[in-house]
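Got a structure here, written out as structure tokens. Questions coming.
Going in written order, the chains are labelled A, B, C, D, E, F, G, H, I, J, K and L, and every chain counts its residues from 1.
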Amino acid sequence: MNVPIKSTLDPEQQRITGDALRASVVDLIDLSLIAKQAHWNVLGTHFRSVHLALDELVSAAREFTDSAAERATAIGVSPDGRAATVAKEAAGLEFPDGWQQDTEVINAIVDNLTTVIRRFRERIAATEKADPVTQDLFIEIAARLEQLHWMWQAQLSTA
Amino acid sequence: MNVPIKSTLDPEQQRITGDALRASVVDLIDLSLIAKQAHWNVLGTHFRSVHLALDELVSAAREFTDSAAERATAIGVSPDGRAATVAKEAAGLEFPDGWQQDTEVINAIVDNLTTVIRRFRERIAATEKADPVTQDLFIEIAARLEQLHWMWQAQLSTA
Amino acid sequence: MNVPIKSTLDPEQQRITGDALRASVVDLIDLSLIAKQAHWNVLGTHFRSVHLALDELVSAAREFTDSAAERATAIGVSPDGRAATVAKEAAGLEFPDGWQQDTEVINAIVDNLTTVIRRFRERIAATEKADPVTQDLFIEIAARLEQLHWMWQAQLSTA
Amino acid sequence: MNVPIKSTLDPEQQRITGDALRASVVDLIDLSLIAKQAHWNVLGTHFRSVHLALDELVSAAREFTDSAAERATAIGVSPDGRAATVAKEAAGLEFPDGWQQDTEVINAIVDNLTTVIRRFRERIAATEKADPVTQDLFIEIAARLEQLHWMWQAQLSTA
Amino acid sequence: MNVPIKSTLDPEQQRITGDALRASVVDLIDLSLIAKQAHWNVLGTHFRSVHLALDELVSAAREFTDSAAERATAIGVSPDGRAATVAKEAAGLEFPDGWQQDTEVINAIVDNLTTVIRRFRERIAATEKADPVTQDLFIEIAARLEQLHWMWQAQLSTA
Amino acid sequence: MNVPIKSTLDPEQQRITGDALRASVVDLIDLSLIAKQAHWNVLGTHFRSVHLALDELVSAAREFTDSAAERATAIGVSPDGRAATVAKEAAGLEFPDGWQQDTEVINAIVDNLTTVIRRFRERIAATEKADPVTQDLFIEIAARLEQLHWMWQAQLSTA
Amino acid sequence: MNVPIKSTLDPEQQRITGDALRASVVDLIDLSLIAKQAHWNVLGTHFRSVHLALDELVSAAREFTDSAAERATAIGVSPDGRAATVAKEAAGLEFPDGWQQDTEVINAIVDNLTTVIRRFRERIAATEKADPVTQDLFIEIAARLEQLHWMWQAQLSTA
Amino acid sequence: MNVPIKSTLDPEQQRITGDALRASVVDLIDLSLIAKQAHWNVLGTHFRSVHLALDELVSAAREFTDSAAERATAIGVSPDGRAATVAKEAAGLEFPDGWQQDTEVINAIVDNLTTVIRRFRERIAATEKADPVTQDLFIEIAARLEQLHWMWQAQLSTA
Amino acid sequence: MNVPIKSTLDPEQQRITGDALRASVVDLIDLSLIAKQAHWNVLGTHFRSVHLALDELVSAAREFTDSAAERATAIGVSPDGRAATVAKEAAGLEFPDGWQQDTEVINAIVDNLTTVIRRFRERIAATEKADPVTQDLFIEIAARLEQLHWMWQAQLSTA
Amino acid sequence: MNVPIKSTLDPEQQRITGDALRASVVDLIDLSLIAKQAHWNVLGTHFRSVHLALDELVSAAREFTDSAAERATAIGVSPDGRAATVAKEAAGLEFPDGWQQDTEVINAIVDNLTTVIRRFRERIAATEKADPVTQDLFIEIAARLEQLHWMWQAQLSTA
Amino acid sequence: MNVPIKSTLDPEQQRITGDALRASVVDLIDLSLIAKQAHWNVLGTHFRSVHLALDELVSAAREFTDSAAERATAIGVSPDGRAATVAKEAAGLEFPDGWQQDTEVINAIVDNLTTVIRRFRERIAATEKADPVTQDLFIEIAARLEQLHWMWQAQLSTA
Amino acid sequence: MNVPIKSTLDPEQQRITGDALRASVVDLIDLSLIAKQAHWNVLGTHFRSVHLALDELVSAAREFTDSAAERATAIGVSPDGRAATVAKEAAGLEFPDGWQQDTEVINAIVDNLTTVIRRFRERIAATEKADPVTQDLFIEIAARLEQLHWMWQAQLSTA
């Protein structure tokens, strides 16, 4: 890989941090596309609430995609967020084809958030030594995703 | 395909219009991901201008994606904008891996816009009889993309 | 009818277009009053979502009423949106008296939207030759009403 | 009448207040439709001033319609603002068909405001004992209508 | 009680009005804390609607707390809104510990609003002679709380 | 006096209410001019706080002047707020010439507010029968002036 | 003419559409300069209304000038809006020198709008086959100009 | 006069400039009170235009009053804008009692503006040597008043 | 305790973090109520500065209360912010009854802030291993409280 | 020339100032049309920067056109900004036909600004005695044009 | 000095004006750094007022720095605002090290403002012939600094 | 050094953290002055991009200066940001005198950012134990500076 942007990290720190950021970009684009897909295809009496809540998730995912990708560039690593890359390197997020019942949508979003959060928790641990600046970004992302995780779970839970 | 949303179009009109809209969703997501990719990876003395102009293209592409997808739902057709679908059904848009020189980015964006505009021109013709409401959306999209097409070309042209 | 405003249309074009616009004004006022009626009288667990969604429908109907009425004046035709006229020339929109269950409200709104959209589809066809400027307004109205039609249907559909 | 919303008023208070509010809803919708009708059909050298002033009247009438209707619901009374109800229960507001001279419009608006204000003055008296909360709303409505009454009269008066 | 702020009321008027205002401050803080508690602990398919509606209630309660407390100071009476005072002088508002089902939350909010409104109705009567300025504030508070009372009831009622 | 604006009040009600409103206009202009005078001439370590607080008082006084004057017109009474009228009919508000110490300014503002509030309290009583709409305006004015009265007193009081 | 911007239209379509757009740019600049001229030179009792309404016309004309000129560039045609070009290619719009009476101004604006609208009506027909995207822009311009045409006529008409 | 604010002007410059500023404060307050008086008492078919235009004049006069008064303080001179001072030192501005015809209002405003502008022209000359900073403020005031002077004259002129 | 929200923390991490967050909610509500209490009851020449500064403290405390409570829900722990809980579990914050001198208020706020900050410092240490996401929130809270701590101290210190 | 607006200048002052303002209107319209022409026709790698900077120049030129024209009216002189007048009285500003290279555009803008600034410098001298109010406007225009002059030159200079 | 920006001033005018502007840049940066220093280090009961007022001074100083520096570039003179230049060429502004009592801060700000204003007064005189455009900027700066000078003095003065 | 602000850190923590913060204040002021210097003196075809990007850097540097200085005060340490201190304690940032070519400016900014970032990286390590709250601020500063570092590098790099 050509590295025209000088990093203030040493090569090993840069490799660990760069890998975590590139994978984050892929996860977050995947999450944003799934949330948009659900936004359009949801059906049921909770349509309006779920439709609106999904756009908040899209906004969060898009904003964090940009933060992660620009953090990668800041440490001299080129991010890759093209459709083929996302399709190939996607890590298990899933959403079915066609119209979906609102309760199914909620379940799917909770599951996908659980997966993504788990991976960000790992990245927080992985970058603690390598780059506290990037770790701070991962903490911010996890905090927001966990807040959304609660809100989506709360729609299915019983007291 | 399950069709829980009643359309005000007859089946043949719906089929023609729905196909055009579903393909538009794929094209526009692809375009938005490529523009973001370029936004992050551009290098060169024109970095700032190109970086900012790419975000305007991203905004346009995202807004039109939503319009096309919600027009599909309005005629009872489920849109599909997941990463795998985009990767599989993408129609020839291309952007290379890694850091890119600014002039190369401009060339790539012009080429991708040329491809996308040509396809929207075909859809304007195809939906004239099938659904003038959808045609009007395609005209609006083409108008904006052709405006951007000029602006990106203008950066490479000589008087 | 006294015609103190000169039209750029010939008399036959003006007659066809003016009739379509005057009927649109009546339909859209009727729709806006029904949506407000529902906004106040809805009951049930989906109260908040339905209550808020109805105000978006009111806003759309009011804005289009103004557009249609001022398009009539622009072609030299006096619009009539007084309560008695609306009550007399109303074309089949219906909403029952008193408090209403949320699911019943949703059904009633979907039915009324279906009726109104069908009439705008006819007006799009009727004005294509007579006045493309007015046709363009009808296309814009239909596009928005069909989007709302999907959203209200989606609340009752199952995948 | 089914009363699914519990009122904090006793039945007699509720009956007096509810009747006043339901009649207010009808009056105010009638006033807003007449003001819009005038907004579209006014002619003459004062067109622009009158056209704009009428939209301020429409805004006031619509906002108070909502306040009166939602005050009715707050005391457990279902409001009725459908076109047929307004046409049937309208209390003497009038506006002629077709294009209108600006001075005629001003006269008609002053007359209609005089009628509506007189009725609100009666409602202020009627609800003083029955419900001071509703009376306060009627006072607010009367204050604004009387201010507009002055402004419309001022256009016709001489010093 | 030390009274460093001169009142424009006589001592008896000041005592009646001051007592009503001090009790209002306690009730409204209690209501705002309960609404926040519910905002965090609600569960169920209506999570999003209820969660958002509760924050509107919090805003209303907080704004009226400030109005009532500053009205007390304006008539020379020191308000007391400390936690211990609220806990001790609370007048029967209740909300259970831990996670709560959305329907239970709605019921609890309706009950608490019924209690608070009844007390403000009494204060409107009590201050009519003592201080019409304070009465006007209580009327404004009652109007808003009764509007919210309808909206929360409407979620549980059937037509 | 020529009365080209018709009032909805009877002559006696109009006379009582009109006198109260015309006197209010004079008082409030006088108050606003005094507050501006103080705003410019205050000296002392509390300059900034007092200077800013005086502009809030100016804003309140100007807004209420307009409300009182336009309420007079709404009941067919011509208001008079010219400098000579204010100087002649002023009711005891006073502020000395030249630079003033901040503590003296605070004392003067408290005294002037006490005078003005007492007069509005009398007007509230005087208009209760004559015109509840005007009374409501006087209640609103008194409420705000009494709030400011507390704030200005608080700067001089000790616990 | 040098054509450094590639068009998505074929040469004949480009020629027809480009000619229509270049002429539109000239007309709209001419209209905006005349409206400003009138804005400054109008006299008479309707000064304020006419002065303000003229600035709305200026805004509309300037915005459409930009749209037409940038549509020309988007199809590869260089627009020409220099003063000499406008003066030479102007198509009959006229406004006299020096101060003008308000009624004369209104007449002149109505006449100029009639001329410009007629030309846009011809362009709508001319570009229907050549370029529906440009036709859509002409429809939008005609719709707005015809609305203004009504408003300016209405100031001179009688019912 | 006590002078607790040190000036950067010498005593003679300060005297000339201070006198001009103190007189400006009186003139501008007088002008603002007259414009408000007219704003309330105007009658006639041009009511709305004149009513609104007068509030623009009030805003200008109030803003310049503050500028002139704070410029006086900045050079160590205490401004005096109390009602009695304005009434006593007023320099010939006049406006009659009671309701006024719109044309009479326009004439009165033009006359008063002529008087005030003449005095500011004299102050521009008087302060050229004494204080160019204050002169600049007078130039700014004159520019705005002369613009308003034209607009008010234009309502009475004929071409 | 029922735990319907799944946490991404293990039970021990959840217990430590949940305890810290629940105690934070209590502290921050207590602090916000004390700051409001002071906001209303402060007297003295620094009234305005202290009154305004206290509302900034209220805003900060309320915002952090929400953040801490919603962080608790995000890790599956139900927060408790009811008045009785706050009164019972309060950790030593104190503010006296009745009107208070401004200097006493400043002292009390500094003391309460010192107490609360010390407790957040302990929570930063306690959650470092248990949950870095929650720790980051505590760091943000401490940073803002320490900034306010300086500002309140600065009012009492001498150089 | 008919002069229905009275000037506060004597005839000679009015003639000098009026000539300067009328010529300014022509220059500034010419400049704004040239800047728009360049905005549309620029090509080259600096397209985006130049395209945006030209719109800032258009905004400045349009705003100053209005200021100069309304200053002319304020001194009783009718401005003339019609296309034919601009074309005939234009003072040497030039811009070629068709697409233009970015560096050529920058050169042309610098040259035109140099010409216009020189003329405003002469007008500053010419109006010093005749009318300091108009001179102040010319100084403001020159200041802004010289700032733009630097920015456009800076693009071509070398250190 | 290399002069790549052409000036519209002759060499002598440029030298006089450029020297004045370069010295202004140094003075204003020095003033802004001192005001920030005071903003952080002020102690005492007036902390909040002084802290806020200092940030207004910082804003003014920074804005004028930019205006002076860009005016220098506009006349072809390179400004120098680097720390070492400011430290070396500073003209007597002083502020002590460490925490400062509020009254001492006020004294120091008044003294520094007196110094800076005196120097701008000299520059106003110096540039009157050399460049009235620059003189106008110095007048604007002096006007604002003298206003601030009064406000800071007022905090220390007695009536 | 006098320490009138009590810190919640122990003396050793305070010393380490305070030294880091005081040095940060100096670095950031130096950076902001250099960026402004470049903003004014840059020349070349990239003038506009570089000129605008430099103001973003100035904004960032100024905001962080304030954060660092107020963090110092929050831990009881007096910050020092006077010009002489910055000049004396500056740590190697450099920018040449006079006009500068755009490419040279970019090189200089990249070099200065590299220096400043390296120092913040050291401070992140140094304060990890001493004060995690301050460390969090340094992480935020480093994150933003490294983002800018990439953007400035990108203008010089090749793919």
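Heads up, the rule we're going with is that a contact is a pair of C-beta atoms (placed from the backbone, for glycine too) under 8 Å apart; a residue touches a chain by one contact, two chains touch by 3 or more.
Since the structure is predicted, the reported quantities are computational estimates derived from the model, not experimental observations.
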> When every step has to jump to a touching chain, what is the lowest number of steps that links chain G to chain J?
Replying inline: 1
>> I'd like to know which pair from C-D, J-K or C-E copies the G-J interface, where a copy means over half of the contact pairs are the same by residue number.
In response: C-D
>> With centres defined as the mean C-alpha position, give me the chain D-chain J separation in Å.
In response: 53
> Any idea how many Å lie between the Cα centroids of chain B and chain J?
Replying inline: 42
>> Distance between chain C and chain F based on Cα centroids, please, to the nearest Å.
In response: 50
> In chain J, what residues contact two or more other chains?
Replying inline: 2, 4-5, 43, 46, 49, 70, 73, 98-99, 136, 154, 157-159
> Taking all chains into account, which pairs touch?
Replying inline: A-B, A-C, A-E, A-I, A-L, B-C, B-G, B-J, B-L, C-D, C-E, C-G, D-E, D-F, D-G, D-H, E-F, E-I, F-H, F-I, F-K, G-H, G-J, H-J, H-K, I-K, I-L, J-K, J-L, K-L
> Within the complex, which stretch of chain A touches chain C?
Replying inline: 42-49, 51, 98-101, 104
> Mind pulling up the chain B residues that touch chain J in the complex?
Replying inline: 46, 49-50, 52-53, 103, 151, 154-159
> Can you list the chain B residues touching chain A in their complex?
Replying inline: 1-2, 4-5, 29-30, 33-34, 36-37, 40-41, 43, 65-66, 69-70, 72-73, 78-84, 86-88, 90, 95, 97-99
> Quick one: in the complex, what on chain E touches chain F?
Replying inline: 2, 4-6, 8, 70-71, 73-76, 132-133, 136-137
> Mind pulling up the chain F residues that touch chain E in the complex?
Replying inline: 114, 117-118, 121, 124, 135-136, 139-140, 142-143, 146-147, 149-150, 153-154, 157-159
